[in-house]
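Take a look at the structures listed below.
One chain, chain A, appears in both complexes that follow, with chain B as partner in the first and chain C in the second.
Moving on to the complex of A and B:
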């Protein structure tokens, strides 16, 4: 977190500090403000996490990597990891495809139009994922609304199987996670100076050239943030895949739940959890580095 | 520094070259909702000429600039550049350069990449663009900063990059929207002269938008004073300062003594006006009894001791009052004078002197003199 980062150099505080170079540089007192949150996270997140990691390597005799060998050495579990990664990637890029233009509309809209668009982005967040996933079931069932509609319109003759397909899972996942793509992109696009695009136009740049060389590169930090958030959430998703696909499409979280709740196999569950954690951390850290590079380039 | 133009009212304006009209705007009208921002406005600018659009915020000057650049569409009217109609062309097909108020440099590109952007956008290959970018860099003396990110530059350097970026594509016309407003006063004065010199060398036609009258006087061949979507007066700086067409222009360009009064006599092109400070004679055609404002530029006024040497036939106005406040400005001193009945904001009197005279302190009596020929009369609004 940036809380411990030094205050801007222009501030009188750091100016005073710079005037006393002989004093050892001490922790910024502002960093203490993060302490309550750090303590809270230590108790509810760090401790269980360490216990989990410990559980993943604990064995009868003491220490063992058997759990990891089972997860990474078994083609079934590799397939599960592949399922999760594919789900994460498809969801993230699908949400990007829909969310990127939506974020621009949100940033450019004014007054009532913006309020309505904001509501459209936020309202789905207020509906529980379980309710939403059941809703999808109702819409996509063999005798569901979508099939009824398509048959009524004469577009199809027999109901299509839409529920329990991978496509329906992707659609459901994108629906659930779209707001997490729109908001970070919106917050970057909102700050873009429209005069940059105008300046490019007066230099002879066509609308497409303007988008590719000005708007797109300057909005990339938001895109990277959105992709990493949605990917992290989607790769670990449990409820939506379970309800829309069930056992037909096992994800890492579903394997973990099965291992802990049904099989009581702590070694398997915690090793799978550790692998998921490593994937998520790699994505978040990688995205963070990419964002810093983009930000430095775009300063 | 600002060099005040010649003050003689009769001075002839510098003969303008009769170059063909390069930019012609005719009947330009633009409305935003119920507000008319440009009101049937027309203006022509000659090739190589520098024209300023001067006016307070909301007078329509930036809207006019954006319409010429193609960033806004006119509701009515036409725009021609070099004889070709561009009214309906989108901005990227107009080849009109713009220097934006905040410069709008591309923050993710280096100085050289900013300068090359327009060339690349127009399909010039990287290899062909390189020498032209180098040329543009040299033009604004930024060669050594070519590979720096633009965010690492000072305000003055950013302005130079913005100008060079606009010039690199060889536009037919350069529009500058308050190009000096982001610079501090000292730098601004340097850059005004430097930029004027640079643009003159390039030989481009330029239109400046500004609300700063001193800036307009420094950089322009002609100034269009704008008011509520119309051009109130379009003239060279000397004429604008010496013979403002209206109270509005008088107000906007330079300082002046202004006294409201009533015309007592009117004969042979001269009026005698009864003002709160006494009778003032001035050239003008007004009916007796009409309400007017008489105005004198501060440097056209003298202390009575100086004026005593003038022949009495010179048509000298003399007013006696007290000194209200003294403003020492280095190279000159302004004396603000008491005006009885200054309940209206119009009335004020000030005299500019090369040096602070003895005994000039607030409260002391003073008699000022000025030639009737230097006195302007406007109908009271």
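Moving on to the complex of A and C:
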């Protein structure tokens, strides 16, 4: 077999390429590297998700939105959705308050100091949430470390009730999700060009002005990413609220667990899951749009 | 003739080896005498009770400890090809398993000890058996609560403000605070209170200032109870409270004058499960007078075989045995009421 016989003439190749749809020509071959991950996600995420959405509208007589009516038309479940949203927002902004300066410290540190700071960020991720919750119990109970400290400092006379309060839940949630705020901000901050701030300083800009007009706007993509990640994780949290508050602070995930496991009410559980998904998708898409806008603004 | 290795013979060897490595465990397993039992994750089951049965009968018990509803879900998912032989669950969950045809009746099977059980330990015409009756009332911290509570009504005393934990209605033991509230509200005996439980919700609501937490995580609640953060805990049963007491924890089970409640500890044969003969042997042994005495000592529970003498140190009164079918029928409604009226802040 001759080579020339196997290879089509150049003109026919051009014609064939022209006949192909535009998309494959635009597709970067490197994008194919995502194929295994896409297939994996299709099996373990997309298929169960479609089944879940189907279960949320399936009824004995066929199609029904009764599950959504029960979730969105019941003041108790609206309160539960409000609990989850409040938990997500307080956790996200609480983590931002603590994580933003920490990310800067991490980006500016060098050598051993940076290694230690990295360990402080990552090590809490290796501790089980169960262990953490028991630890919080020891810290917060009436004869716990925090009450002992406050009494020793003369700030209070008798122990305060700190366990199973909304404040202790927020503190626990921020503790669990703080690394997911620090890391995206750190990844943006470490790329900031220090010469921009230095140039502003030579022109007489105060530290506050430089932070507000240069550093903060440039770090906003990391902030938006951190907020969307922490909010998405916190709004769907199940274990931490269950352990730190129990049934007295019902979240959407706790209602889902109850519906699927205890009540065996698939319609209620699926409808609640779909509402939670819609909220999370709205946040992620909104964050993506905001990031693009910030990027355009930066250019 | 010398055998010459070729790629083909090598591939044959690999194929044969793979086939053996895949088939061998199944062949070995088939030869082994073992059963898979699903049950509660109670201390003492595997290390004491099952070891005793394994030694006596020479088969292996593969055990998976989890809560009853998850256990039920596993049986339900494997309905077409059951892997579990025996399940140990709460009676309200066994009621559901029976309705779905997931368990086989014990009556008529080769389980001679079944005949010696007290009648209320053979629910639904021996659909399953109660292998012991743990008792539940009020668990109290012995360092903080002196003297011991003598009535359920004491839980409403304002001296216990923020000092009470109750178990979530999603867990069967939550029936005890509901019965206690119904009794305080109606004055009826505990056993009758189950059918009047809706009348108890208003009284249970009055307990809210005393409730520190409504728990779905009993080990965490037990830790707080033993540390003295919580004085009263409604209501882990004797398997937990008296077991922890025997290990030196400052907790004890109150003996209220209104009585104590028998918590359900059922055992059933999974329908069409493997090794049914071994399953029957397992259940028969669990109901044996000698094994029941061991179980009573290990789990601080009343034996259900009438030929078993109650251990001398188990000073329980007659326990109120509940209609768990009624409980199963109303549980979902009570879970909803409990969350909306008691748990809500």
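Note that in this section the second predicted complex is superposed on the first by the 269 of 299 C-alpha atoms of A that agree within 3 Å, B and C clash if a C-alpha of one lies under 4 Å from a C-alpha of the other, contacts with A are read in each partner's own complex, and residues count from 1 in each chain.
The rule is short, and it goes like this: a contact is a pair of C-beta atoms (placed from the backbone, for glycine too) under 8 Å apart; a residue touches a chain by one contact, two chains touch by 3 or more.
Just so it is clear, the structure is predicted and the values come from calculations on it, not from any experiment.
Chemist: Could you tell me whether chain B and chain C fit or clash when both sit on chain A in the superposition?
Modeler: Here chain B and chain C can both sit on chain A without a clash.
Chemist: Could you say whether A:250 touches chain B, chain C, both of them, or neither, answering first, second, both or neither?
Modeler: second
Chemist: Just chain B (first), just chain C (second), both, or neither: which does A:142 touch?
Modeler: After superposing on A, A:142 lies in contact with chain C but is clear of chain B.
Chemist: Identify the partner contact of A:201: answer first if only chain B is touched, second if only chain C is, both if each is, neither if none is.
Modeler: So A:201 only meets chain B here.
Chemist: Quick one: is A:193 in contact with chain B, with chain C, with both, or with neither? Answer first, second, both or neither.
Modeler: In the superposition, A:193 touches chain B alone.
Chemist: Just checking: does A:261 make contact with chain B only, chain C only, both, or neither of them? Give me first, second, both or neither.
Modeler: second
Chemist: Just to be sure I read the superposition right, which of the two partners does A:218 touch: chain B = first, chain C = second, or both, or neither?
Modeler: first
Chemist: Rounded to the nearest angstrom, what is the minimum C-alpha distance from chain B to chain C in the superposition?
Modeler: Distance of closest C-alpha approach: 47 Å.
Chemist: Indicate the residue numbers of chain A shared between its chain B interface and its chain C interface, in ascending order.
Modeler: none
Chemist: List the residues on chain C that touch chain A in their complex, please.
Modeler: Going by the criterion above, the answer is residues 69-70, 73, 162, 168, 170, 212-217, 220, 223-224, 227-229, 331-332, 335, 338-340, 343-345.
Chemist: For chain A, which residues are in contact with chain B within the complex?
Modeler: 193, 195-196, 198-207, 209-210, 213-214, 217-218, 297-299
Chemist: Flag every residue of chain A that touches chain C in the complex, lowest number first.
Modeler: 76, 79, 133-134, 137, 141-143, 161, 163-164, 242-243, 245-250, 258, 261-263, 265
Chemist: For chain B, which residues are in contact with chain A within the complex?
Modeler: It is residues 69-71, 90-98, 100, 102, 104-108, 117-118, 121-122, 149, 151, 165-166, 169 of chain B that touch chain A.
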